[in-house]
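Take a look at the structures below.
One chain, subunit A, appears in both complexes that follow, with subunit B as partner in the first and subunit C in the second.
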Partner chain A sequence: MSAADNISTILSSGIRLTVPLAFAACGEYLAERAGTMNISLEAMMLGAAFGSVATASATGSATAGLVAGVLIGLLIGLVHGNLAHRLEVNTFVVGLVLNALVLGLTSYLITISSFDSHQVSQVSVPWLRDIPLIGHPLFVERWPVYLLLLVVPLTWWLVERSRWGLELRAVGEQPQAADVTGIRVNLRRRQALLWCGALAGLGGAYLAVGEVGSFNQNMTAGRGYIVIAAVIFGAWRLGRTLLGCVLFGLADAMRLALPALGLTMNSQLLVVAPYLLALVAMLVFTTRNREPKSLGQPFVRGST
Partner chain B sequence: MTAPSTGAPPGTGRRLLGLLTPRPYGWPTPVATAVGVVVALALSSALITLTGGSPSASVQALFQGSMADWTAWSSTLLYAAPLLLVAVGACVSARSGSFNIGQEGQVLIGALAAAWVGLRLAINGPVLIVIMLLAAALAAGAWAGLSSLMHRLRGVNVVVSTMLMTFVAQQVVAYAVNMPWLLQESRVGNAPVSPQSNPLPPSGLLGSFGEYPGLQINGGLILAVAAAVVIAVAITRTPWGFRLTMLGRNPLAAKHAGVRVNALGGAALAISGALAGLAGAVLLASPVGVNRLQPGMAMNIGWDGLLVALVARNRPLAAMPVALLFGVLRSGGGFLAATGVPSFLVDVVKALLVLAFVAPPVVVALARRRRSGGRTAGARQEAAPVAEEAIA
Partner chain C sequence: MTTVDERARELTPPSTPALRLRGISKRYGPVVAADNVDLDVNRGEIHGLLGENGAGKSTLMKILLGLVQRDSGTIMRGDTPVDVHDPQDAVALGIGMVHQHFSLIDALTVWENVILGDTGRIDRAAACRQVEEVSRRYGLPIDPTARVERLSAGERQRVELIKCLRRDPSVLILDEPTSVLTQAESAELFTVLRHVVRAENRAVILISHKLAEITAATDQVTVLRKGKVVFHSATSETTPPELARQMVGRDVSLRAEGAALGMLPVDGPVPSGEPPAEPPPETPAESAAASSDAAPATTGTAPALRLRDLTVVIDGVTVLSDLSLDVAPGEIVGLYGVEGNGQSTLGDLLSGLILPSSGAVELAGRPVELERPGALHRAGLGIIPEDRHSSGVVLDMSVAENLVMKSIGDVSGRGFVSRRKMHAVARRLAAEFNIVAPSLDAPVRSLSGGNQQRVVLARELSAGPGVLVAAQPTHGLDVGAIEDMYRRLRDAASGGVAVLLISTELEEVMALASRIAVICSGRITGVLPAAEATAERLGMLVGGVAA
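Here is the complex of A and B:
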């Protein structure tokens, strides 16, 4: 294979690995701007991946699977939101428990059931796919990939330009002040978690019925945590967060391509890159100053 | 924690009646917890039934694998020991107000340090295992201490950094067992080498004590129980424990009272890491595994130990029965498959049980606050510690 072919292959595999991260990152970004450090992202993606495959197998339609994935993400977002921002259980505890629960439940169910393989159809954009090097990776993809073109600007608009987003950011920065001005803090946080759940669900479902076509135990394998690392790496800005997703997706693709390229590099460095980069971003750059001021802190009216 | 029963009537009978009567401030925590546990167990058996299994057969299998005979008990205790060590550490850090969720990585770092020391020194005599345990505690303590350092120097959130460091630790161990000059097993002839270390020398293994008929009490369990008792006494009976609790409840007040906040918080995090590291060394050196360093050897003990601490509501002594229960689930889980129920069931049961223990005190505190209209300062102050202890 020529070098150009190699690059093209790594690019397309990198993009395919980026897409689930990017969907979930849009959700996590919005949830974190509202002040929830949403650890249960992993549960949302994994649960949605399982639900999408099960539904696709039952209905015979991969698109129905995709919808089911979104619904399961929403459901987990609803549970997390109500436990953390209505009943005031610590949000990290809720996340840990939901992750454990969904991992256990999906592993349990996949062991005793088998599903048919379904995949959403591929879209190949004429003309553009013939661009050398990047044409094939970017313009021959499963159709949900192009939903990103809708989801990313929408998320940006919601957070940065809509009234709802302004309230959301106020809730993430200064919940006490937001509360005084009449914003229902915990309601906004629950809504943010629903958005996060829907998108993380889409990402997880895309992974299952988009890329792979089937479900296997612990399929997401920590991708939720990678997305959290990407949001931190991106300093709570949408553009940089997505850049982080692309970087981490490419690192993953490189890791998978190493044996084929005949390189004897240790893959551990590539696996660990997202986490190290997130830590370095927090340590070296002053990204922590951009962190929503009340990230991860519960809102209790009257407390400071 | 027992709910403060407002104006409890004297006499056991009336007290019991009082527990069951709905009161102006809602149900007390123990009752709410009991309801939660019943719901959790009902949901679990519903899951088994819906998927074509038999709940009673599952309970029987769990019992067979964990408590039916001395061998089963020994296996249960083998799992309970590292779980208890991790949980006791989690109690310390959670009480100090910094929530350490990186135990899974700290367990691995402890095992890595213990394996490195054990294989490099390879001396005879009981001194080796002592050195290994010390090395594990030191290394994992330092690993967790890094998070505290990052928090102090650059304001990095402890929960986030301990979580990210877990994944770094996993890759550090994977790297170590892939490098022949580090810890990868030595090649014998032309046999292929796996990503694992050489087996530990016999002097580096934790022995079993007390040869009761069939029951093996591993050294790790004695270590874990000792740690739980020492930490429980330290937390509840020493000035250090008082300062620790004060720091966790109200860092600002603690600072004004002269507590060295950074030093104490850092120490708490390091201690919790050290105990998780000890759990790693115990996993490595006890017959629960193959006595080699392997990337997958932590077996979620770190995450589960954290859940044990949550169920025990951060009390080391309460963590002992909970760790035993989780040990029962782990060692009984292997017997489930024979009844047609996947062993992953125990993970579902564990998660539901944790919810049943974590949610009620918070809900009760919230209900109490709501009923009092959130107006009276006294009601708020009464509710606040309840909520905080349930945090983690």
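Here is the complex of A and C:
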């Protein structure tokens, strides 16, 4: 294989590994702008991955699997929001519990069931796919990848331009003041969590029925946490956040490609390398952040 | 939003109650915040609401706004009882409020704040136009695209007003609107309010601690004490001393009244040579003041606080430029100027919140390493910040915790906080500073505005600082508390503390300071010994004209 081929391959797999993160990142970004640190992102992705494979196997349609993934993400978002806001349970506790619960549940269910493999179809853009080096990585993809072209600008528009987004930002910044102004703070926060759940679900489902075609135990492997880190180190800006995701995706692709390139390394070290790299890079590139003011204490709400 | 004037004309004639409260009561545990309150608010009138800190004024207004649920009583609009469960209900009823602690979102722009709480699509251009239109109609100039965090208190107040007025309220409530305003800004506010009631026939409820304002601006006045209505009268039929007596429930000293009236204290007004108000006689303060009067910069003793060529640039804007000022031990130096001329930046700097671009702060002759968090505090500088709500207290921590926060070492042993010691200290401070709280374990959020202030004052004054910076220390305090505050600052100075008093109130600096430095556009335009400081000379300096 030529060097160009190698680069092209790494790019391809880098992009594929980035996509699930990017979907989830759009969701988490919005939730955090509204002031909720959504720890259950991992649960959303993992649950959706499992649900999509199970549904795809039952219906024979990978697309049905994707939809199921979104629904599971929504469901977890709903549970999280209601526990955290209506019952006033600490949102971190809710998140950690949900993560542990979904991990245990999916790990158990996968041992007692067997699923057929289904994958969503590939789209390959004529002409563009022939561009050297980047043509194949960018323009031969499973179709949900192209949804990102919609989801990213939509997320940005919602947060920065829509009334809903204005209220989300207000709620994320100064919930007391927002409340006095007549905004239903917790309702907005729950809605933000639903958006987050839907997108994290899409990301998780894409990982399963888009990339891999099957479910393995703990297949998200902490990607939810990586996304949370990306939002934080991306200083609550969508562009930077996505950049962090790309970084992690590429590092992960490098890890997978190294053995094929004939390089050997301690395998445990290899596994953690992308996480480390992404973290270090995000730390280096982070600037003085623009943290939503109430994210520091997301559960203190004096609204009546 | 062009309908305001037309609609105003259709309204009922003046003096029909826009709002009636009957038997409103509200308890917080043992605290009775509202006790069977009856209140009529008429269209076309400004209704003044007076009361000591913690009397229940804000609570009553929050009930009207649906932010607090009453225990009993009825709210009537005209003759029909109405329910106000949440702020949305209040908006629907045409009740708008400018809160004691501003309710704007700092990170948003002016127009975004103004349309917050509306429904429908966002039309930026239309929103900006509306802001400009309302701002022109009422004479409240503001840039709709400015970010609120950049605005001065006076400008924020304008935004709050514009936000309320744009919704065309029939009842406009203002909770201590002038406590953060300069005199000019207050005057501007009252012009707007007069227009709002006379020309547009709205009802206004005005809460204030300044009796002079109440007597000058209102038509009716009601006094609350411990949640009860103790006095009501047409403003023209009562006098400030009467109101003061009703508030406190006893005769008040002339000086306190003077302060509350927003007038110069009787024993030391002004222009002609005499220092406006002497610190208590035979104190070191006087001698220090005298010597610094003679030659402020060259006194033999090292100044306790020396600001040297401080320059602060924020986002390309020079907010402070080459600011230098010395404060000697035992001296009160007043930094006087119109709000928004760099005072709050200086306050932030001395709180350790921001770093200067150049220049130094020296305490007792030694430069402070400003980069180190807490360095100023450790070097013996106490500060009463201007915005006590956001940087003075932790609202969700208890009164006791807030009181001992800066001296946590004194109340802990072996790395643990001793609750017993903490409570002992807190109890002592609460008694000394007359802090009225449901309990020492209640969160500071549950205290009245004035009592929250007292928590900060108690903590900073009790830490025994060598230098005390007090930014607008009397904002939001009632008559008695202002008097008490003045006494404490004088006592601190006579005990050898160097006091830097940052104030926008002329009477305040004239009453307390032995030297007055005037700040304008981030630079000191002049320093005058109090004896030579006349209202005219200061006025010129404030306007940037060197004396």
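Everything below uses one rule, namely that the second predicted complex is superposed on the first by the 270 of 304 C-alpha atoms of A that agree within 3 Å, B and C clash if a C-alpha of one lies under 4 Å from a C-alpha of the other, contacts with A are read in each partner's own complex, and residues count from 1 in each chain.
We adopt the following convention: contacts are C-beta pairs under 8 Å (C-beta built on N, C-alpha and C of every residue); 3 or more make two chains touch, one makes a residue touch a chain.
Because the structure is predicted, anything quoted here is derived from the model rather than measured.
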| item | value |
| --- | --- |
| Touching partner for A:Lys293 - first (subunit B), second (subunit C), both, neither | second |
| Residues of subunit A touched, compared between subunit B and subunit C (which is higher) | B |
| First (subunit B), second (subunit C), both or neither touched by A:Leu279 | first |
| Which of subunit B and subunit C A:Asn6 touches, first, second, both or neither | neither |
| Touched partner set for A:Ala177, first subunit B, second subunit C, both or neither | second |
| Touched partner set for A:Glu167, first subunit B, second subunit C, both or neither | second |
| Contacts on subunit A seen with subunit B and repeated with subunit C across the two complexes | 300, 302 |
| Parts of subunit A lying in touch with subunit C, wherever the complex brings them together | 161-163, 166-167, 169-170, 173-174, 176-183, 290, 293, 297, 300, 302, 304 |
| For the subunit B and subunit A complex, residues of the former touching the latter | 47, 51-52, 99, 101, 150, 153-157, 159-161, 163-165, 167-168, 171-172, 174-175, 178-179, 303, 306-307, 310, 340, 342, 344-348, 350-352, 354-355, 358-359, 362-363, 365-366, 374, 380, 387, 390-392 |
| Subunit B-touching residues of subunit A, taken from the complex the two chains share | 37, 39, 83, 87-90, 92-93, 96-98, 100-101, 103-105, 107-109, 111-112, 222, 225, 228-229, 232, 266, 268-269, 271-272, 275-276, 278-279, 282-283, 288, 291, 295-296, 300-302 |
| Residues of subunit C that touch subunit A when the two form their complex | 65, 67-69, 86-88, 90-91, 99, 102-108, 112, 115-122, 395-396, 445 |
